[in-house]
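These are the structures in question, set out in turn.
Below, subunit A partners subunit B and then partners subunit C, in two separate complexes.
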Partner chain A sequence: MSTTSTILPKDEAAAQGELNVQINGTWHRFAPGTRIADACNTVGAHVPCFCYHPKLAIAGSCRMCLVEQGMPPRLAPGQEPSYDAQGYQPLQWMPRAIIACANTVSENMGIRTTGNITAEARRGVLEFLLSNHPLDCPICDQAGECKLQEYSSDYGSGTSRFQEEKTKKGKNIDLGPRVNLDQERCVLCHRCVRFMRDIVGEEVLGAVGRGSNCAISCYPGLKLDSNYSLNTVDLCPVGALTSKDFRFKMRVWFLKSTPSIDVNCGTGSNISIWSREQEIYRLTPRQNDQVNSCWMPDSHRLNYKYINAEERILNPTVRTDIGAPQRESTWDACLKLSAEQLQKCEASKTAIIVSARMTNEELYLVRALAKQLGIKEIASVSRKGKSDGMLISADGNPNTTGEQMIIAEKATALEGICSGIKSGRITALLALGEDITAEAGLSADNIKNLDYLLTLAHSKNGTTELADVTLPGVTFAEKYGTMINVTGRIQRLNQAIEPIGNSRDDWSILRDLIILLGSEDEKLAALKSARDLVTIMADEFAAMAGLTWGSIGNDGKAIISTGVTIPLIEREQASK
Partner chain B sequence: MSYTPIKRPKFSLADRIYIVAIAKGLCRTFKHLVLALTRRSRHREDFNSKGIGLCMPFPEQRWDERLPEYYRGAPTLVRGEDSRERCVSCQLCEFICPARAITVTPGEVDPASPCAKQEKAPKEFTIDMFRCIYCGMCEEVCPEQAIFMSQEYLITLTDRDKGIRDKETLYKLGGVRKGLVNKWNDHK
Partner chain C sequence: MSDTSNPIEALAAHHDSPGEPFYPKFATSPKLIKEAKKLVALYPEGKAQSAVLPIIHLVQKQFGFISDESQQWIAEMCKSSVIHVAGVVSFYPGIHRKCPGKNHVRVCRTLSCALGGGEEMFALLCDKMGIDTKSMSDDEPVGISADGIWSIEAVECLANCGFGPNVMVNDKLYSQVGEAKIDEIIAAHSN
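Entry: the complex of A and B
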């Protein structure tokens, strides 16, 4: 028995508000309330889980996360605890395994994730899960990212002893407009049920039947039609819930995932873009506890089809004379012509309409372009909508905060420019990244009043039909850049695919135009990527001081305080 | 265990200096040289060989009946005895193909068709015969016994477009194969 006067590890840990836990023979410290599964995973002792998800309530139904647990022996009345040389009490290991997801760590606890008991427990659980599994991996969309596949190869037995007929359940069931269910593949982890009940707050899914006939189903008369329904597909550890949009499109092992952000609203949900060669196949949410937790709305997730659509503009087009038809041109000729034409336009009669859908780098170059041309009137189109109380922001533009930081001090009202066009005060317009016939409140007739219209767009729209010069830019998946979301967090867009056709990165189009217009800014001329612009902008804007592309990171950085919050994140943090 | 370690043989000094092996090899070469020069090569009559050595007048005379069972010719797609398209477009052959000759476009089976249980079948399946190296990995990797190496070795094309074989051509070449596992019936 050690009775040293030095402080025991338990007291030392308690002073810091932590607990000592031994995992696979090594002592670690964790905050009280940490789940055993989380504790093991953070120190690299992997615990396999089907039903456990850090953002959902605990179900403890799959029994996959069984680990061995040991505690100090219970003392007889009056007995003094004994301590080893390091100051820990000896561990008495329990004869049976416990689940790691529903139990939390405690002082002087021991956990073993390896060894005969856990290996045998995992093998047994997998054998039962696989006894009725259809083994249709060749046609299952989850193959390649399926937990059951992974754990079977890691902990399974490899052969089946099951002689009986497998249970038949429903296959290819239509659960809702975007989700399909295969009940035979389901491992009944109830993740989807808990997500719909606790996060979305719509009780749509439940389990019916008993024993081996138990299956997930919608309640009678209900459909899984929430705008967050596709998150259940991400949550599903196996191929039971599959996305109708991604159904049989591509095997996941061919896809490359690029971290980026959603550009459909001001929240800027973190996403992964999944692409193969030059095509985008799906978008999935990427965890960021400050922005979107692990979720994203379906409407935003499915809004990627325009990237590989027919409507993309593949070549710069110009109209060489008034009334002449538009024809395709080359970049050199087109940019030279644009620069010549812009120089002829009178600065006081010229205006720029920019888009808050552009990245900070592009907006910065638009400002430089305006300065080069001496244009005073710049405005952007605002998109005010309604928040859904979850992740969709009331602001439909992804970079309003950035636009306000870069352009706003000089901006004029959009109405002023529109009325100027209608009255003939403004005769030349640069519509950059915005279809002015759609939300700016201008009709085709109004635009015909203009003597000169230059537009920068990635897809054909009302403005490109009327434009004298169309410069084909790229969509969010084809460029690098930063945007600042409604909460004032700067986040990065990464390039997943190369620009389609002869389109070019918007920033390089603007930069070349500025140089052709006679700018002698050496920094601009030397730029190789939009990523370098962050460093240049960091010198100019106080909010961005000290930022570089690398220091922003994949999770972004809060740089401005706007007072706006994201309802779902508020709720999540309040419930902690 | 997914692999078995191979036991390497122990080589003696005589083995390691190669001289014996080289001498043996040269003996074999000289034996055939003598046989060829004296016009006594094996299978000379079978091949209808003229002049010295062994020479088969191709294409009048073909090698076909001598092809071993395991010969790897052009890959083809097969149908089962129930005339079901066996391929479920799992794209493993596309993944494994070292020459990237295979391109699969997955598609959905019509729910009204008798093969609806299979759910998935290729919308398009092309093999670029200019790229194919006849390695047979596609046949080996196929979990559905759908792609087989045929004995076709004479791929002489008059048109480059014909080198890229589409699904229809591949099924025609593969035909129906008997005795395969029927995985997608209603009892399974």
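Entry: the complex of A and C
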């Protein structure tokens, strides 16, 4: 059909800066420069990959992503192109497969991810990869989330023709303080090498040897000891690199993954919490190109042991008399007693120390509590440190931005409260989510000046030892809530496990206390979850206008502009 | 490679060789640094890593083999990492991690030389030079005589296929090597 009078699809696409690509018989449009593998995956034509990772340089070494490619015929001089009824040029299919990761789409390109050529290519690649693989899946930590296992099941032949002796390589090699290497399981995708070289900038990993003796290694005397080393374990598509912390702890298929955020610094890296029943087994980074790309620091990743530790406070504790020992109590009795005692405290002589580690919802309720009690002095403990130039923020608190939005406009300086305690001007203190003996600059002797100390904490610390009332709250893994990171992005915490012991979600403790103190706020009384507080807060804070728990989503939403950036994300966006 | 040996430590391990007295111990000198810098300058700015292979050849020519110290130095000269250099060194069998003998003999074992009797020449050469063929394996491709005068290695091609069997001693190529020629070759390099 002659289409000289109508607009051809190629012109139509070009006008929008796109290209027409036929994938498995259907035409789609993609931006120029899109990798064939990405293009196929976005339209549901899955392309298996070992070495390709969107955040790393292309290696093209695994050959797993072989697909069939077709292009329009090259025209003879003077020959006019022909078009089919839809306006596309006919495709001539190449006799050999191409790799989908290192090639980009072009106009009128055809891709087939099914059919004999690709099926045979995938089967062949897997046969080679498995020929020297130890097949120790029953004791391999990667089993269940292993690409080699998945692809063998999807595209492999099911039987082996390999009768020769397998190449022996290094097993259980200590690569660094947190990572172990099994060279025999490795498929030599070089993801770990590229990550350490290009993202971290410490070229400690490399491939040595040749052919079937080729193996990943580091040089003697140099260790894979970067604070980002465990990302290589996430990147490893097979069980070659394993985390010393997680290995042999739990089969991954028993674990439940809950999307949440890291609370160790102001970046708020997106994470998945992997739990089974009431125990947390590991944290892994979750992709968010605005926050943490695909990575997270080891120090934050491994900081979860306190959740299931002995130090957790399982019951509310009270001290009934001055000098009397603390004893465990029940929630009803303890909250009632606290309310009575707080009402006796003179508001002008009472102060609150809050934590920028608390969620927005908890901070909002702290503000309501302060209002209920008429307390004017509220301060938080700041944790200014140094950024590592990657993902760790200079701000050690995960929710400083939220704390400033909710509390700080009324807050007094922490020094004022501390000197007040020392001088005896302040006689009662509520230490909420913060151990005041640690970073607030108060000694145990200073605290003994106080007539009354109430604390909200999830684990035993210097403050809980001295407190008259200890209300056991929960850790980040046991609660819902939102935090605003240093860049002004509001992000969600999701509950992975139920509160440990008789501890209770912090927001509900604060809410019950406010009600017991005589608040008649019906909205508060009707609250079922911290998630509903987002809607209430959205009415009050301009930055949160229109937000609901659902609309924040798993990726969060930028709501405040703070001018602060995350160095690693800056670099990633600059390199695009 | 057994389960117990550490393949990482092996990358820097020193292998004793009777050939060591015939080569200087690796040490940097202003001359060596100058030569290396000249090689680096052959490549565009920021591509110093490309000079890894030429500098490896430079070091091997002078010191006989690539030691742990020289790998470190090469990495430094090429603004590369020592693991990258170790990767290159371990990739090519022609790059030695163990000191060869005073005279290094390469015997071609590829098709036309093998058909012409290269394999027999290899055995004969070993015998005459006092090298134990059993000491050689895939992991130890170079055999060295006890006195350190001779070392031998089977190579894939010496680019002279029309005139096999080919044998190369140091940088000198001998073609159509037969039993009689072997004695000549040994005599020519014995001093």
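As a convention for this text, the second predicted complex is superposed on the first by the 572 of 576 C-alpha atoms of A that agree within 3 Å, B and C clash if a C-alpha of one lies under 4 Å from a C-alpha of the other, contacts with A are read in each partner's own complex, and residues count from 1 in each chain.
Operating definition for what follows: a residue touches a chain if its C-beta (ideal position, glycine included) is under 8 Å from a C-beta of that chain, and two chains touch if they have at least 3 such contacts.
Bear in mind the structure is a predicted one, so any value in this text is a computation, not a measurement.
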Side-by-side fit of subunit B and subunit C on subunit A, or clash: fit
Which partner reaches more residues of subunit A (counting touched residues only), subunit B or subunit C: C
Contacts of A:170 with subunit B and subunit C, given as first, second, both or neither: second
First, second, both or neither for A:249, with subunit B first and subunit C second: first
First (subunit B), second (subunit C), both or neither touched by A:203: second
Which of subunit B and subunit C A:220 touches, first, second, both or neither: second
Touching partner for A:183 - first (subunit B), second (subunit C), both, neither: second
First (subunit B), second (subunit C), both or neither touched by A:551: neither
After fitting on chain A: smallest Cα gap, subunit B-subunit C, Å: 8
Doubly contacted residues of subunit A, that is, touched by subunit B and again by subunit C: 171
Subunit A-facing residues of subunit C, complex: 1-3, 6-9, 11-12, 68, 71, 80-84, 86-87, 90-93
List of subunit A residues in touch with subunit B within their complex: 134, 137-139, 143, 165-166, 171-172, 247-251, 253-254
Touching residues (chain side subunit A, partner subunit C) in the complex: 168-171, 173, 183, 197, 203-210, 215, 217-222
Partner subunit A, residues of subunit B touching it in the complex: 88-92, 94-95, 106-108, 111, 117-120, 143-144, 187-188
